[in-house]
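There are two complexes below, and they share chain A, which is joined by chain B in the first and by chain C in the second.
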Partner chain A sequence: MITETKNTLPKEICDFIDVCLTREHPESYLIAVLHKLQQQFGYLTREHMDEVAQRLHVPASFVSGVATFYHFFRLQPRGKFSISVCLGTACFVKGADKILDAFRAELGVDLAETTKDGLFSLDCTRCLGVCGLAPVVTINDKVYSQVTPQQVPDLINRAKADLETTETKV
Partner chain B sequence: MKTIHLTIDDMQVSVPEGTTLMQAAETIGVHIPRLCYLPNLSLEGACRICIVEVAGARTYQASCATKVAEGMIVKTNSPEIRQARRDLVELILDNHPMECQTCDRDGQCELQTLAYSMGVRERLFEGKRKRYEVEDSSFSVIRNSEKCILCRRCVRVCSEVQGVHNLSQLYRGFNTLVAPAHVSPMLESVCINCGQCINVCPTAAFLEKDSTDDVWAALSDPNKHVVVHIAPSIRAAIGEGFGLPAGTPETNRTVTALRRLGFDVVFDTNFGADLTIMEEAHELATRLKSGENLPLITSCSPGWIKFLEHFYPEFIPNTSTCKSPMTMLSVLLKTYYAEKHKLDPKNIYVVSVMPCTAKKFESRRPEHFAPAGYPYTDAVLTTRELVWMIKAYGIDFKHLTPGAFDNPLGFSSGAADIFGTTGGVMEAALRTAAEALTGKPLTELNFTEVRATTGLKEASIKIGDATINVAVANGLNNAKTILEKVKRGEKQFHLIEIMACPGGCIGGGGQPYPSEGRYVLDEEILKLRAGALYNIDEAKNVRKSHENPFVQDLYREYFQHPGSEKAHKLLHTHYTPRSPRGIK
Partner chain C sequence: MTRYEEIAQRIQKDFQSQLKSNQIVIQIGSATCEKAAGSDLVREEFEKLVKATGRQDIRLKQTGCTGRCSREPIVGVFFPGQFPFKYEKVTVAKVQQIFEQHILGGKPVLNLILDKKTTKYYSHIVTLYPSNAPGFAEDKKWEDILVERLKAKHVDPETTRVFVGGNVNISNKVQGKQGVGMMIFPEKTLYHFASEAELDQIIQAHFVENKTCPELFAQIDSMTERFFSVYGDVAFFNKQTRLTLRNSGIIDPENMDEYIFNHGYEGLAKALAKNEPNFVIEEVLKSGLRGRGGAGYPTGRKWKDATTSPDPIKYTVCNADEGDPGAFMDRSALEGDPFSVIEGMTIAAFAVGAHQGYMYIRAEYPLAIERCEKAIAKARAAGFLGKNILGSGFDYDIEIRLGAGAFVCGEETALMRSIEGRRGQPRIRPPYPTQGGLWGHPTVINNVETLANVPVIMVYGADFFARIGTEKSKGTKVFALAGKINNTGLVEVPMGTTLREIIFDIGGGIPGGRSLKGIQTGGPSGGTIPASAVDTPVDYDSLTQAGSIMGSGGMIILDDSDCMVATAKFFLEFTQDESCGKCVPCREGTLRMLEILTRITDGHGSLEDITKLERLGKLIQKTSLCGLGQTAPNPVLSVLKNFRAEFLEHITEKHCPTQRCPKLVRYEIDEEKCTGCTLCARRCPVPCISGTARKPHVIDQERCIKCGECFTVCKFDAVKKL
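This part shows the complex of A and B:
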């Protein structure tokens, strides 16, 4: 059995935790530490969270509780394609929830999850400010307007095709 | 302290400042219904069942969390409050499996009792149900989150009493889930298997891993010689499972019940306890002489041992290498006893009845398997499981005639009986160690200074010309306190007894659920159970482990002397640091 937590945290995060430990209520910096981790890696790994728990002297179950409570924290890496469905008022009224359901069904993942092949991650967003184009979906930098649930498979296939072209070019 | 005067249900009440409305109501015989509240744990205020009407307040107040104030006018009962409480219970039930008849807690479920007393007779809301698989990786504690009502009692006991912090609330809203970090299986978590989460759970979200099927099967197998032995604390608590008052000693009727169930031989784990003392007192004397690895820390409590391996591996050299009384006796059964009766150990089926869920894990440690590959203890039943088996078999416990253990492994000194309560192992060890160290018989056998009524007790004991410093801790948060003190070098201790559960084994995670009007962790119950054990001890002629004639025979015939090579091979063990590392 492994007896020690692996040291995988970058030095600057370890240093930050050390600074927190000199302050009052070091445990209150947990969210700040997790933010820094997510900024750097895009998501929180189990190993990282366990090491944060050890260094900050916060029980691992508590770290896990905080990381799963806030929607902002991701527990899986983002896919090559980050799909984001706008759930702002205008988009929602125009059926964004049905589009989201179509993505869920087509990809087999829920919000904030990534497909097993690592290609797609599914997210939602609040108003993007282009309500005239509602309902709106963004896939990486591309914006798709007036999307219908029927178009969802096509959007996914197009993204896959894009990937193939880029890979052939390389 | 300032006295506060208020009116509850038109009655005048005077209570000290800081009292809660719930406590104040209790002083005038008003029991406000409740669910998440448990004395000895922090306030949660999660279930809202205990709401009352406070004149002038905009909304109903949770009486567990509202403090009394001068001139307050409180109503605990009105058609509106009763309706509101009932709605709350119905909303909890809405997201709860409707399977009371097939549930392990049927008849002993706080939610069921509450729903009944609230007058819930039909299901009005039928909403979305949360769905989870039963998590049964652990040898001791299984988690069934579909039955969880998010009262957080388990989370609180796991951190506030045990300092383990294995359980926490994960995710949010409808998806909120009580689980270890990363929703790890219990077997791969820092869970120490103490079972306190089972004790405090109002429903069946936590249960012990059931062993009764295995035991029934062994009992009906004609090729198996089925031997049972029962832990010291069983006799002090089992009666409660049959509606007898707490603290009723039930050694002899338990023996009869076990024979009726069909066990071939009924022995007493107490014999293992006497043997433990022989080995541990020898270990203490050796360490006192050499001055090495002091303080010596006891090793009987499997919850503490797993805690040691996860949280305090630095104290492994200090911890006694003695196997627990349960495992010592089981080892004897498949070696000494088998040889004596010319039985093939493979055909001996050893069942131990323990107050403890962690013993189930202990019995599955690879260290406690014979070299030929079979476990020394085949099955561990909790007190609750045995109570159920006796009832299921149709045995009228209260009307049984008293029986006696078989010999030689059923005879024990009074020192062994008190193993079941906090401070007992310490006292038993002192009785033997003192006579060994001074060479003189003790004049006073009762070491009352180590009989802990609190979670932590320190004492200095004079033995001959020497003084030894001892500490007794029960509940692992108290163990933490004492171990940190040792680490800081504040005081030189020689012997420390640690029991994982509050009150020691009598408060174990496998003991009967409290009867109506009683609480888990209720100090009154623990005192009564401990009292039963002290009385049994007082009434015995032999009260020192080394004076147990069968233990003396055993050393003459088999082990030669405590700490001998053979004793080391069979009666001692080792510990390994475990992952994940616990956070102190």
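This part shows the complex of A and C:
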């Protein structure tokens, strides 16, 4: 089905696509465009992807093919806090599975799920390269090292507290 | 004077005047790992304190990471003319102590020093580097001889400390010669002696008469000097040979001038001045440099392959898609010294005649991406990238392309597709990338570590490089040491160093009094080497013989509490998850192997499963399209070969000796300890625990689901895990 361009993309991204179109092999910037989109919205929507396809002059199937191929791109909205437990080798050897279980129990969600209040999403990642300080967990952009299952409730509470302070500031 | 010489001279002048200004430098690590350990807070605290004093002679400096992960954040304090002090695991509270006591008071905080090697304020630090030349009396305890002689001359052994370094490449001149290198700090003097008489001569002149002994001077190259002048007293470092990581943890990765000051861009300037691409290729061929991404293809030959094509459009690519879980040397190199990699790419481009390059970096490494972006912009602004580089007429530029979390994109044909903006699925070779790569044009793809070595070869020459390592594997290799090891971190050693030296001499052995069980190298494409083969030298061929591979450099140490079947399963889960799905053997085969392994760890395995795993594994190796599939069975096959008894125990006894496989654990209640509190019986979800109050309880093994709840809730330690 052909959909009309709906102009839902933010201006910076349209401008970036326009710049790409002036360069050689504009379609090769697709992954870069999707990165920018996800950075801004947290995930990729069907409407956004369709508009990217039209502006970049590639088939919509090409865009969704790329978006679904790479683990990094998400097609579902995420919680305010994206918790990612590293399941790389070093973290695995140092008991990352137990940390993942602790998050599961504490949040009541499984991998790739979001809590009902929309606050926390639980994910895993394959190695952040901080193996020397394994096991590691990231909450949004912050990296926590040498985490123990006992620290898990504290990490969640700290994130909640951060949210309260920022909200009261606003 | 060439344009490079002009730039280098100006920088030399700036830095000399900075050195003369007698600044106190506080050096703070700023790589992802350092930040995870809290280095940002440390830096802020120092900034605050320095500002409060209003002093202009205290300078804060950021560096990448030195690779001493388990002790981060690390802070170095450099007083002019004094030996540098490094502090470990610095926290905000410790910052205040260090600042007041050391920086303002001049007295180092001895109990916070890295590795606690220092207990006193030394006047001198002497590091000995015995020669690796054949025939030299290596059995002589030069350390003891030196200490004894110093005592005889009444040099206080408390203030002059002696350390022994590894067979490091301390100087081009000393390497390969019989004798011992002797570096004295803080003077930074390097002597070279070949007999006890010569040693006496040095001691008499240097320590007794306070002079020097010029006839025994050895020329020290600045690359080695600046590393050892900072870290020479730490065993973790002084047994290493740092070529790839020559600047990591030493220079500010965002300061191009400091890179140039340390021989940066000298290699490119040399290559451009010669104006002969063939010369560069011949040098790299002669150096014996092989691809550090894992496969070990000779770098020079790859470059030569690309030049045979008449196509005027060529590309160079830096593969920084470090997907092997457990490897982090490329991240550290890009965060700690991005210019080396960029210079290496530029030299490669000049050699093959490319004008456009791409750095393909994992999206999981945001700091590495940021540092590379900054470095490329700075190099472009200074004329090291772009049109007419250094006035030579050569044009070259680099663009960064991000990965998006696909392990298979480390495979070169998949990587190129990803750069082209497509799904990163591999294709059949030939054509090889050097013939038909990006958009059909010849493309040279090199790994981060390979490229970082190229400037070293250009500056110091192919012969220098070829003297390090073994006959077939030249130079050094960086390993990311992690898992059950005391000193986790980055270790760069000459090829041919044994696993034992890496694990025990540098890595400090296994923590918690446990014993070494296996060494996993090569990640999901590699295998696990048993502890009995710990004397295997690390080079491409020996590791393959030992049943693993060199791989990109991840080295995970496993101790006797790690289950080999679970580890093999872990890697298979990984490759199964990362299989791109294009070819059947990899997509379906790894899934079936994983099913069999799950069956075994769930306690339903049969002996037939071993034959099935081996047959299927070999089939996948032979019939998969790309490297991911061809190597995916390796972790399982190597465990089957090296740890077969453990595998069999899982199948025949339905028992996991390390208790890592939850379903193969048995829970029993100790009659003596059980008080009959009934807590376990009430919590058991099945329920399969029976007994009356105040009498010992019993678990019905047939019905037990091994959830472990009884073990967790028992307050009397009566539930045993077997």
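Keep this in mind: the second predicted complex is superposed on the first by the 89 of 170 C-alpha atoms of A that agree within 3 Å, B and C clash if a C-alpha of one lies under 4 Å from a C-alpha of the other, contacts with A are read in each partner's own complex, and residues count from 1 in each chain.
In the analysis below, a contact is a pair of C-beta atoms (placed from the backbone, for glycine too) under 8 Å apart; a residue touches a chain by one contact, two chains touch by 3 or more.
In this text, all values refer to a predicted model and were calculated from it rather than measured experimentally.
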Partner chain in contact with A:D50 - chain B first, chain C second, else both or neither: first
Comparison of chain B and chain C by chain A residues contacted: C
Chain B versus chain C as contact partner of A:C127, first or second or both or neither: second
Touching partner for A:K94 - first (chain B), second (chain C), both, neither: second
First, second, both or neither for A:G65, with chain B first and chain C second: both
Partner chain in contact with A:V143 - chain B first, chain C second, else both or neither: second
Residues of chain A that lie at the interface with chain B and also at the interface with chain C: 62, 65, 69
Complex contacts: residues of chain A adjacent to chain B: 1-5, 46, 49-50, 53-54, 57-65, 68-69
Partner chain A, residues of chain B touching it in the complex: 159, 165-172, 179-183, 190, 313, 576-581, 583-584
Footprint of chain C on chain A - complex, ascending: 25, 27-32, 34-35, 62, 65-66, 69-73, 87-90, 92-94, 125-134, 136, 141, 143-145
Residues of chain C that touch chain A when the two form their complex: 32-33, 35-37, 69-70, 72, 322-328, 331-332, 363-366, 401-407, 418-425, 439, 480-484, 488-490, 520, 523, 554, 556, 558, 562, 567, 570-571, 574, 578, 580
